[in-house]
Amino acid sequence: MARRPVIGVMGAGDGPRPQDLVMARELGAAVAREGWVLLSGGRDIGIMDAVNQGARAAGGLTIGVLRASDTKGVSDAVDIAIVTGMGSARNAINVLSSDVVIACGVGGTGTASEIALALQSKKPVVLLNDSEDSRRYFSRIGGALVSVADTVEAAIARARDLLAAAR
Amino acid sequence: MARRPVIGVMGAGDGPRPQDLVMARELGAAVAREGWVLLSGGRDIGIMDAVNQGARAAGGLTIGVLRASDTKGVSDAVDIAIVTGMGSARNAINVLSSDVVIACGVGGTGTASEIALALQSKKPVVLLNDSEDSRRYFSRIGGALVSVADTVEAAIARARDLLAAAR
Amino acid sequence: MARRPVIGVMGAGDGPRPQDLVMARELGAAVAREGWVLLSGGRDIGIMDAVNQGARAAGGLTIGVLRASDTKGVSDAVDIAIVTGMGSARNAINVLSSDVVIACGVGGTGTASEIALALQSKKPVVLLNDSEDSRRYFSRIGGALVSVADTVEAAIARARDLLAAAR
Amino acid sequence: MARRPVIGVMGAGDGPRPQDLVMARELGAAVAREGWVLLSGGRDIGIMDAVNQGARAAGGLTIGVLRASDTKGVSDAVDIAIVTGMGSARNAINVLSSDVVIACGVGGTGTASEIALALQSKKPVVLLNDSEDSRRYFSRIGGALVSVADTVEAAIARARDLLAAAR
């Protein structure tokens, strides 16, 4: 089996905190350096754009799974666009297609749905610098599937362990 | 326009608390008595089954939007099954099709995804007897879209107001 | 099990032939008189609107499974709108949710996809007054799943037999 | 914009003709040599497997958009699996994500649905060695969107023209 690990990174499209954008860019670069494929919502805004830009700059392969029915508004750092035309229903595809899901920064309702859908599908989720109420809530309903990380390095280390355990 | 109001009720399939099952049955009956259509995930377990049984007993019309690709496992109190074959992606349909979403009892990951997807689509959500951490988290990310209710009567009253405001 | 039979009627939204619109209206009325639920794409144009108007006038229950993410453009003869926000992917839901699919009149690409998706899911399809090349093509790839009818009466009779056989 | 052209190849999973399997393998290799990304249904059977094996052997990048909710049954020549868990509804994603759709060999109901969905979304479709009744039917309902090819070389040349025209 030659398939490469796929790391799904989810985060706010609208109104991300500046520090979360910086972190997303570092996270994308780190995913690329590990040789993992980056999967995201693929838009040209917020965490989605930043993580793709980081991965692209580090030579990674990037997949964007789009809500729209065409490629308008896709990040120019996305290599391959999966065009679903399904709106939020595509959130379910994002998590099923990822070996590990990393929620990056303080997320909104879209990110919350992706964390919950990941847990419903028994996918491991790493909450990277998410808010305290999110950590508490998802740790309770997700149990051992949920990890918490404060740095990109810690999130990558956790993803490495999760990928190793899944082999 | 003759379309009837649709109330989506979401809740745990597996392992609901006994008091939540009782409440779900009352909620289904109350939705039916208002003349509203009940929409749910349609399965024959947990909150889904209880709310449909309540609505059916009170003479209501019940729609089940199923994850499966056939009608195996559908509640026998569902009048019309919408068979999606889409797994969790159907959660997005449940909330888009509902005028008001009521999360009934302490929910798991599936309910959490439906609450989040509803908020992402700007649908009003009533949290009926949900846990404290869920109330706190979703009230923060959902803002004015989220209401909290402790009784079936309060949830129905809130839904009535929300439907009136949407006219 | 109290679920009522669901008949899915598919047909051209844009540019239907006038005689197909007349037939769709009759078909909707006949479905309603049988006590079956009518399921369609639910829009306010073409065959979709005509079949719903016919069913409504005859006192039937009508479900519209919408491509859009809201209820704009829904036929005013649809009782319950299932809002998918999924574009053409909802075509798969239409056929999975129907006990029998009737393709009404000479259809376009959307209808063709629904016939093919129905056959892929092993659902019986009745081609009512479809074109000769469509009858030939789908009869070959669908085999015994495909029936041909020239009148509303014949289509209804065939649906009745198919429903009886499925019990 | 660095996104690479994506060519979607659709064809029978079950019971393909031997000559169609040979042709699918050649087609996959030719897509890879053009530097295009190959997108398919991704399974380890029939045309899907053959086209991926051809592309892989020629050094191409292969995406499999799966009906299933996990990666069981995926072709071992797929580099990246998009796991939809949506059954036939994923057929809509396959065509929306492809710049050009090539239907390879005499297809069944699944391929028919993908051709029809592509045409509904205004995507160009090349019918490579499909049956006469399929060519006739889809050429009529699809008009200028449908091309016919008898050899892999002709299909690739047509795809090249279609990609150039879309720039």
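Here the chain labels run A, B, C and D in written order, and each chain numbers its own residues starting at 1.
Keep this in mind: a contact is a pair of C-beta atoms (placed from the backbone, for glycine too) under 8 Å apart; a residue touches a chain by one contact, two chains touch by 3 or more.
None of these values were measured; they are calculated from a predicted model.
Trainee: Farthest chain from chain A, going by the mean of C-alpha atoms per chain?
Mentor: Centre of mass proxy via C-alpha means gives C as farthest from chain A.
Trainee: Would you kindly state whether over half or under half of the residue numbers at the chain B/chain D interface are used by both copies, giving same or different?
Mentor: same
Trainee: On a C-alpha centroid basis, what's the spacing between chain A and chain D, in Å?
Mentor: Chain centres of chain A and chain D, defined by C-alpha means, are spaced 28 Å apart.
Trainee: State, to the nearest whole Å, the distance from the C-alpha centre of chain B to the C-alpha centre of chain D.
Mentor: 40
Trainee: Please output the residue numbers of chain D that touch at least 2 other chains, ranges allowed.
Mentor: Each of 69, 84-89, 92-93, 96, 121 in chain D touches at least two other chains.
Trainee: Residue numbers of chain A touching chain C in their complex, please.
Mentor: Spelled out, the residues of chain A in touch with chain C are 69, 84-89.
Trainee: Which positions of chain C touch chain D when the two form their complex?
Mentor: Residues 86-93, 96, 107-110, 112-113, 115-117, 119-121, 131, 133-134, 136-138, 140-142.
Trainee: In the complex of these two chains, what residues of chain D are touching chain A?
Mentor: 1-4, 6, 37, 56, 61, 63, 65, 69-71, 74, 76-86, 92-93, 96-97, 121
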